[in-house]
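In order of appearance the chains are A, B, C, D and E, and numbering begins at 1 in each one.
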Amino acid sequence: GGGESTDEGADGATEITVGVIPIVDVAPIYLGVEKGFFKEEGLDVSLELAQGGAAIIPAVASGQYQFGFSNTTSLLLAQTQDVPVKVVTAGVNATEDPAADMAGVLVKAGSDITSPKDLEGKKVAVNTLKNINTTTTNELVRQDGGDPTKIEYVELAFPEIGPAIEKGDVDAGQVVEPFLTIGTQAGMTDLGSNFVAADPGLAVAEYFTSTSYAESDADTVEAFTAAMNESLDYAQQHPDEVKEILPTYTDIDEKVLAELNMPQWTSEIDAESIQKLADLSETDGLFAKDPDVDALLP
Amino acid sequence: MAGTRPKRVAGRGRDAVLGVLGLLVVVGLAEALPRLGIVNDSYLPPASAMFAELVDQLGEAAFWTDLGATLRGWATGLAIAMAAGIVLGVVIGSVGFLRDLTASTIEFLRPIPSVALIPLVVLLYGSRPTSALILVVYASFWQILVQVLYGVADVDPVVRDTARSYRFSRLTTVRTVVWPTALPYVMTGFRLAASVALILEITAELIVGVPGLGKSIGVAQSSGAVEKTYALVIVVGIIGVTVNLVARALERRTLRWHVSIRKEAR
Amino acid sequence: MRFARTIAYALALPIVLVAVWWFASAGSTSVFWPPLSKIVSVFGETWTADRWTGDVLPSLARLAAGYAVAMATGVLLGVVIGLYRPVRAFCEPTLEFFRAVPPPVLVPVIALFLGYTGDASKIVTIALGCLWPILLNTVEGVRGLDEVMLDTARCYRFSAWTRLRQVVLRGASPQIAAGARQALSIGVILMVISELFGANRGLGASIVQFQRSFAVPQMWTGIILLGVLGFLLSVLFRLVEHYSLAWYRGLRQADRGA
Amino acid sequence: MATALDVRGLKKTYTTGGTSLEAIEQLDFSIGQGELVCIVGPSGAGKTTLLRCISGLLDATDGVVELDGAAVTEPPAGMAVVFQEYGRSLFPWLTVRQNVELPLKEKKVPRARRTELVDEALAAVGLADSASSHPWQLSGGMQQRVAIARAIAYEPSVLLMDEPFAAVDAQTRADLEDLVRELWKRLGVTVLFVTHDIDEAVYLGQRVLVLSNRPTVILEDVAIDLPDERDQLTTRSAPRFAELRAHVYELIQKAKKGERPA
Amino acid sequence: MATALDVRGLKKTYTTGGTSLEAIEQLDFSIGQGELVCIVGPSGAGKTTLLRCISGLLDATDGVVELDGAAVTEPPAGMAVVFQEYGRSLFPWLTVRQNVELPLKEKKVPRARRTELVDEALAAVGLADSASSHPWQLSGGMQQRVAIARAIAYEPSVLLMDEPFAAVDAQTRADLEDLVRELWKRLGVTVLFVTHDIDEAVYLGQRVLVLSNRPTVILEDVAIDLPDERDQLTTRSAPRFAELRAHVYELIQKAKKGERPA
């Protein structure tokens, strides 16, 4: 695909398109746009919503979008398959508190599954098979002394996981916000954060671009990185403003919003955490060949 | 007794009443199931809640922009698919050699799901409306094509011979013989394609993020906003019902001569 | 002789297209558009015996079940709706409503009633997709039945059952066949879609898995496999159609002068 | 003679879209049990319409049709109809034999008797050889004979025939005429026979109803006072036959000119 | 008289599925420019098949059909056909007028002339009033007359008619017979006329071809030596007419019995 050239906006600002997902995690970029951090760097950002990283990575790789947001495992997967992508800045990180994280594993109220190791031999719903959620859930079980290879994973979209648990079709489900809060408000039990289990403050997702764009438009990439870092730090320091920006691009109910667990945002790319996730993923046999974390990171 | 039997009451008025009745039954069910606790109302809210949300939506400018985008994408894709499907269907259907030549390829391409094409389309066009358009055209084209092929094969041999004996040109034969015969099949094809096109438009918006109602459904879904999701789905359904009404009206005009319509006129 | 010609015709265009693809993609370096030679070379290692028994066959079984359900309900419902105008008036708006609802939104509702993980909701999803072309074509086929033929059946006081079996179904069968053929490929499509949801194995689930892990050549083999499957199913379908609609071909003199 | 069929005040107006067309103005007549009545009239007079009203296939606009004292609202039991559109009344997916046999199956005639009836009927119309063909493999006249075979194999008590011999050659026609008379005598069936052939009407019928031009009324009810034993040669050469023939022909000419009864 | 139509060694065998049926064994005859030839033969003899081969609609199994010296491989220009299945040969989606007019449009007849021709033809068959009806709103006989009107409005140089008057009443039939003879004389058109009515064949034709039973050959080519000026009353009562009529009838009877030429 094309995308080598960058459009100049009317006021001389560089027009860029960023592919994001309508979830809490990308609040900083919305906030940054609103605060004018990107304009200061001479960037005119338009945000495109997609359902998941699977649609965003090809679009960025082929130059349809200049930047995108994707979870770490998908980026590692892409890297092992020679998809030309490169991380530019951190995206979102887990918290360090397993009980107050943006992710968790839900079971029905009164379920006889009371701790992660009980998931052994059970049916667990995840949003995507063989990806970050299964790897981290495996680690959660492993740390609790269970054998994760005995878990039967089933793929269900986040909105369906709650109903499926309730109906008894699955024994547990791994969800992220806002479905974690929706679930606990409906009386379900959270077994703890799988992200935090993998690594406290786990680097869950990053912003990335294509390798060719990184070379041809290094200035723009630099500008984007700067603005993005500013946005991330700002979001971390102003949780109230995050809560205000959320309803502008999501339809999260107010009642849920009030109790939402916020993730962590930092402008530092945690290479160690990424390496740890890569190692865990390899244990699960996700990759056809070893990922090169250094090549993926800037 | 033949003569004194009551005359059938005005047909179409009664049809409309019955149709609305049918919809009311569904609405009633959708209200009752969650209210009676047969399903959990946080997953399937009662119909009244969906409609309340729908009314809220009607007041939002964004809703109308989305609706416009969806309708535009849908209509464009459908029009392209109709034109291509009809032209190719008639040509392939009337030329035996082409029919034999293309049959296997058509059968190979037809079952390739448009959803499997999503990543390819995204590569080429990202989340621009073109992505949705390609998916819509690809999916609905086959519906028309197959219907037209069957319709063309349905020409009465005596009618065909009549046209041949008067040395009708190919074009005249197509216009006056093949087309009218295939028309009932085309109408069915149109109705099938119209909904498939709508489905693909919404799905593309939902998954790829092309602007439109589907994208709003996607956002609502990933926020767990069940009522809004269903309110938007109702809008999609209403579009479907409207399209069918239009198709039926069109049919009554263009197929007045056909058994299916004239039987009912009696 | 004729058989040979049919085969030649069937193969000509695909061979040309494959050749074009082969040479056009030969030098491709793009990850997403791998050379056809690469795709072919990974085919064997991708579709192992385990994948056939664990993914492909269960998917096909669900497809068969869903298609059968759609065929039965579509024809039955179609006949009733086609024959009785009040029934049609009553059902049509509702059916049209549900027909327009995209599977990604409808599937969760089905799952709410039929379960999220088992085969039932997948089969129903497939059936629901296949239903429409069969239903619509049956309705129109029944409405378009020849009046004189129906009058004949009434005159000889055929029972409802005979009228249905011998007159209505047979008379509408060419158009039902059109619907059934449409439904076949839609069934294949929905087989994939249904596995995006609450599945961990299956042909569709595998393709999506390849796609998400950027195993692009493997993903292409999956798409090709779907095409081949669809083609084989349609050959099977045409065989059945050839025998059951022999009278129709004769009537329409498809092979006249031969 | 008991009345089999009673038609009183029958009217039929077709309405399609906005326009309406008065096909039958007023018809009153009755037919006795076991009578053979022919109906002639100009093309487009409403003979087919009348037959369809009598058989309960078409709702009349006004008036009553009674068969054996009961009003006809749907096709009555024991009635067979040979349609003018013979080609369209055969089921193309069935063979000739199956077409003839199907109504018998419906009537629950035992298999052996069924085979016998079908064989007889097909032989009577000269189609024994074509039993396993499909209707679309037959010539026009052969298709028409299948429809006739189906009606006679059914052994109806009332037989309505709408120009049943229009598509067959002269010799076959003569044979079929004799077949109808023979059946009529043997089974005592009531026959209503529409034809355009005046010779045929006079040769076959006990009465000939001559219809007027549209909107239709009865122009004359001609009694055919020929001896009951008829055969193609002697009957047709009888002077009385010629007289009746000439009279009916004259009536048809008048009807076409638009003459109506006083 | 120049030869218009030359049929040499014509054979036709139908093959459907595995079975084959020899319809025409061997036919050789020729028809002069502007001749009016009638064809009679038993039902199922192959008359329709013959007409379809001549008109180039059906490929013969063997033999040649030549029109004006050129082999017929597709329907030749200036030919009109009235099909036996009149009902199915009309386009139900067009009105009566449009049905008649369409071939003229195709022939690029200017609009004014077209209207004139259509009006004339419809009036000639007595359907001026039904011009705006659709075929399915007409009676059988009326439909058949539309097909006839379409053929005569076309002003063909060769006219093939397959039992064109089978569904009309006696008086209309007589009128149409005179219409055909009148047209034939006025336009010098070559006419091939299939009929089951022996009187009609003798009354109309200059020659009557009598076909044998299937597989078909020509049983006899009967020359009709009646004066060229014919009318319904005098011609039909002429003694020579009766002789010819009897002769043809005899031939048909022989044909039905399976007799073949030596």
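The definition used in the following text is that a contact is a pair of C-beta atoms (placed from the backbone, for glycine too) under 8 Å apart; a residue touches a chain by one contact, two chains touch by 3 or more.
Quantities reported herein were computed from a predicted structural model and do not represent experimental measurements.
Contact with chain B and chain D alike is made by C, E. Across the assembly, the chain pair joined by the most C-beta contact pairs is B-C.
Work out the mean CA point of chain D and of chain E, and you get 27 Å between them.
Chain geometry summary: the mean Cα position of chain A and that of chain C are 38 Å apart.
Inter-chain centre distance (chain A to chain E, centres taken as mean C-alpha positions): 83 Å.
One finds 48 Å separating the Cα centroids of chain C and chain E. Looking at chain A, residues 54, 58, 61-62, 157, 159, 163 sit in touch with two or more other chains. Touching two or more other chains at once are residues 43, 119, 123, 156, 206-207, 229, 258, 262 of chain B. Annotation for chain D: residues touching 2 or more other chains are 16, 85, 88, 137. Chain D meets chain C in the complex at residues 52, 55, 57, 74-75, 77, 79-81, 83, 85, 88-89, 91-94, 102-103, 105-106, 134, 136-137, 154. Here chain C touches chain A in the complex through residues 31-32, 108, 111-112, 115-118, 196-200, 205, 209, 211-216, going by the rule given at the top. Contacts from chain B toward chain E in the complex involve residues 156, 158-159, 161-162, 164-169, 172, 176-177, 180, 183, 257-258, 262.
Taken in their complex, chain A has these residues touching chain C: 54, 57-58, 61-62, 74, 77-78, 80-84, 123, 125, 128-131, 152-157, 159-160, 163-164, 167, 169-170, 286, 288. Taken together, the chain B residues at the contact with chain A in this complex read 40, 42-43, 118-119, 122-128, 206-209, 215, 218-226, 228-229.
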